[in-house]
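So, here's a batch of structures to check.
Both of the next two complexes hold chain A, though its partner changes from chain B to chain C.
Here is the complex of A and B:
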């Protein structure tokens, strides 16, 4: 007969770390209001906590200029609302979110003009920061003892990918893959996010772009609420292809054919004489592989 | 594995000639290395072994040997001539240690491998329902394959060379795995344990990465480290994790306008 404590810990206990995109540049121009989105998310988080007594939920905000922890269901710092009308999940999260949004906006002020006027694209959210924080938290969960919930990360993202975060996001993805932590992505922006597709593909998570945003809670509860143990026998959305294109180091554009430095592996879109990352001068006498193959074909 | 058995005499020259044949096809920017696990105490060769060693040296192949029996002069000579290492294992754990020493790549010699710009393609992975004829198996395949950006044929796995147009196909995660070496994070500074730190505004009571309390018993500051760029505090476990596995400082990544993001190239 297994002892009572181990019986409580079944296979489907999960630790869900949610990174919530709060980028004001995205939400102000998006057709779906942030308040409605947040109501779907809060209902979903509540349902996760209801699925099992031992489930844990952590929410991290991905802002435009900073990231922070919004809510931790296992921390003892949560204080419910003074009137008792809302559970601590809602009151704490909303309170922390308000504080965070005000601070995030303040951080933008000195650079506000530069951020809005620089380039045509709106600034992206700091996904690399919130992913790094999520992974640090998950490592803490691993350290907590031999019995711990199965962790996973869910990225709720709408902003487009920021090419300047490419290396940091890839580092986070590889670290997640190494610790076997799946990264699920629910992307609600206009075009598919290549970074999140790669993240979910490499770590074994699910990437899904919901077609109808009014039913967002339904997509959350049927696709993203599934714990890792149950995914083995559930039919979940299949991938619609992964965009593995790289972004070049010189212009940050996505390219599907480029030149790679043989020393440091940086990617360029056009031929250079010198690598800007490692400084190696490319040999003039040695022909590269492409031209030697061309010669073979012409012969 | 059941069919492999030992018979005949060991021949270093035959092994090296075989290696020469394979490694000569590697383009000039590649590094050529061979690791020989040798347990015989002699070598029975069809020709002049010294000539083969000179050929290896000319082709810039770095030969290393791990001996399993006793030290042999010819192995020592081979490794010295080609710039490799020679060691003899004393027992099983020593053997494992010697083999794993070869896992990280050796320091590259700049004259041996000239830097080159290699043209590569980054294919997209097709959807699960896509049907195409794949070039490696020459039959119709359903599901995930990759499309060559130049000639648009399907290949099954990466990295590979496109059979039709010869373009090297690779996925960006393959290259991105080594980018953390290009942009390493600085080691964190230890925070001194003086009582002034408790009341100073810079000290936070929680680790920035994992929110674990940095205070030990009695509300005194425990051991913590701080990032010199973003000045955030981390616990020691996060420090180890960040520097060994994650290669990203959460503090630097979470603040857009800190100094670290301004100086990053990518």
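Here is the complex of A and C:
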């Protein structure tokens, strides 16, 4: 996937924006503990910064009720850990994460009682919010001057897709596609995430669901650590699972043969009198159904 | 032919030598009737087309008069028509009539192919071997008729047509230099080179010279003298000696024609200005025949003197020449005519100009009449079709959100619904505890065991290389390249064939005529044949390739299946309809 060319910069400098899923409802019920997950992630971020002096890393937390920037490697602020046992990357990030979780919990208060009732699915994390924040940061990086690293987004997600965020996520996917920013996704939940699969497919990123979570760092460094320039001559896991078949607009079932409206090209699995998308009336529907038939073939 | 009857004045000749009896020829699709002008003549004719075997006619370009020859068993009837268009009209009707009464045993091709079209088709077939193969397979074995086959290839035929249309060659832009004389330093003579091209161009450039040519040659002087005079005038112009020019003009009135300004040009220029949209503000409207105004144009010697009125007539400016030349070159040649007869060429040119003038007048009148509607805010023509309406794609996505939600809910049904029995405080608390744990203990050391790393790496490698072997080394590789060439060729041939058949098949629905019904029956047989051939290919593939081959063949067979199913369903429906004629 060709990314925006960075002039006067070596091609393998990357700006990696990581969206970290911090949905507590998910982590509390997930088999893999959050602390281990976080340690893999922190090691990975460190290794990214080691690859090149000019690499930049930005971490955004995806919470239930809000999102925030956790860490920006190019900023000058650094707390310096009290015990001196870890580099500032870790301590800053962890500190900010604690602050964020406290705030997030504050925001959750009004619905806290409802969730305690034990009904319903766990609330989903605000992926659309963190994607938007990531894209904003990347836009700022684009406008910072002629010299900028090649940006990409990595979504570390575990919680399921929130259907109410469909439109917002699709919008951010299209804007990422427009600015040629690939969205990689590492999904650790149980079933595949349709949103993230689509995101990676449309923007030219990689979607991978690691089967062995205890070797998560190995997956990170093998699949997701490569910069965009090097991806041209590396063979990375192709997602063979994206279903390219068209789905009919009325039932969302995938179909091989169906009816196509000649005005707006929307696809239906059965004969209709009127197109539901553009409202055009189909011509005299004779008993001979063939008059409005168009055959479609499996790609 | 809109009506089936043609009535023309003609002369009937029983043989070629016969001077012919004048009369009226009436042609209908059933018979022809000839009534002579002279009621006492015995040359009346009334013949059914059944008895006419064939027809011949004389060609337009030849010197023969327009004759139509209808042969019958005992001889032929020859009709001499007045003009060739008449002949063409009669010929068409005769063709139709004969076609109707022709023997039914022959396969009648509905189109009358001219020799040129046949030649074009043959050339296309020869050039493209794939097309030829397809043609042989489909038409030779009777699955498709010629006309049906070529009906879908109209694009190819049209493309060929366009290639053949020649580009018109326009005027050369170097006229001014072409007629530069070569002069011998010693003798007091200058020589000009003239070709028919240049003559033609001069006529186009200077209408006054053209007019003079038509007037003077051959009545007053012959061509050579004319051109001598013309070039004398040119020479005088080039010497910029206006006084000498005036003197010469006074002596020789023919020369004067060339020396003075081109009146015809002026008139034309004025006409052109009038043709401009009257709403366009042109200040120089009246005086814009730029041949006269002294401050238009650069004098060749750079001076800006305004000389006496008398002599100003004999000056020509460089700008005028250039403008005129540019205009003529842009207009281009209006016709390809033979160059060897300048007189004829000149006449034809004059005639063509008249025609074009008339056309321009018409166009101008049209434009003016249309312009009057600018002020009115007229209502739109109401269309016979509903205007195109495509919704904003965002609306679509928003409306589909409900569907997406439903789809996701369905997909989540499979997941175990982890009931959130913990309260939010508990979950946040547990998360915070993990973070504090890391802060206290730092990262795990080692992060993970090397066995796990090895396992992960092996799995990834296996995963990636297996997709590679399925899909191919490069993204451009296709499965077809893995197959042996014979299989590949066969598959591709079957693919092209089935595409063509399916295209014809689906375009014949809905079935309205018997012709289409026959066609679909033929196509259905052909499709079943292709289907069985595909089965053969699948079965005969080697065992390690069989899976790939069946993957390729599967969609083709699906499409053919769909066509066959549709055919059967349609037949059943039509039979059912036929069984109940009352529609109950």
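The rule we apply is simple: the second predicted complex is superposed on the first by the 226 of 299 C-alpha atoms of A that agree within 3 Å, B and C clash if a C-alpha of one lies under 4 Å from a C-alpha of the other, contacts with A are read in each partner's own complex, and residues count from 1 in each chain.
To be clear about the criterion, a residue touches a chain if its C-beta (ideal position, glycine included) is under 8 Å from a C-beta of that chain, and two chains touch if they have at least 3 such contacts.
Please read these numbers as outputs of a predicted model, since none were measured by experiment.
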{"item": "Partner chain(s) touched by A:72 [first = chain B, second = chain C, both, neither]", "value": "first"}
{"item": "First, second, both or neither for A:56, with chain B first and chain C second", "value": "neither"}
{"item": "Which of chain B and chain C A:135 touches, first, second, both or neither", "value": "first"}
{"item": "First, second, both or neither for A:201, with chain B first and chain C second", "value": "first"}
{"item": "Touching partner for A:157 - first (chain B), second (chain C), both, neither", "value": "neither"}
{"item": "Which superposed partner A:264 touches (first chain B, second chain C, both, neither)", "value": "both"}
{"item": "Contacts of A:168 with chain B and chain C, given as first, second, both or neither", "value": "first"}
{"item": "Chain B versus chain C as contact partner of A:38, first or second or both or neither", "value": "second"}
{"item": "Touching partner for A:238 - first (chain B), second (chain C), both, neither", "value": "both"}
{"item": "Residues of chain A at both interfaces, chain B in one complex, chain C in the other", "value": "111, 164, 166-167, 170, 238, 240, 249, 256-257, 263-264, 277-278, 280-281, 286, 288, 290, 293, 297"}
{"item": "Complex contact set, residues of chain A against chain C", "value": "22, 24-25, 27-29, 33-36, 38-40, 42-43, 85-86, 90-91, 94, 97-98, 101-102, 104-105, 108-109, 111-112, 115-116, 118-122, 160-161, 163-164, 166-167, 170, 190-191, 194, 210-212, 214-219, 222-223, 235-238, 240, 249, 252, 256-257, 263-264, 277-281, 286-288, 290-291, 293, 295, 297-298"}
{"item": "Touching residues on chain C, where the partner in the complex is chain A", "value": "386, 388-391, 396-398, 400-401, 403-409, 411-412, 414-428, 430-432, 434-435, 437-439, 442-444, 447-448, 452-453, 455-457, 459-460, 463-464, 467-468, 471, 506, 509-510, 555, 558-559, 562, 566, 570, 573"}
{"item": "Residues of chain B defined as touching chain A within the complex", "value": "27-30, 108, 113-130, 144, 146, 149-150, 158, 166-168, 170-173, 175-180, 182-183, 207-212, 237-238, 241-242, 245-250, 253-257, 261, 264-266"}
{"item": "Partner chain B, residues of chain A touching it in the complex", "value": "64-69, 72, 75, 107, 110-111, 123, 126, 128-130, 132-133, 135-137, 139-140, 143, 164-168, 170-175, 178-179, 198, 201-202, 238-246, 249, 255-268, 271-272, 275-278, 280-283, 285-286, 288-290, 293, 296-297"}
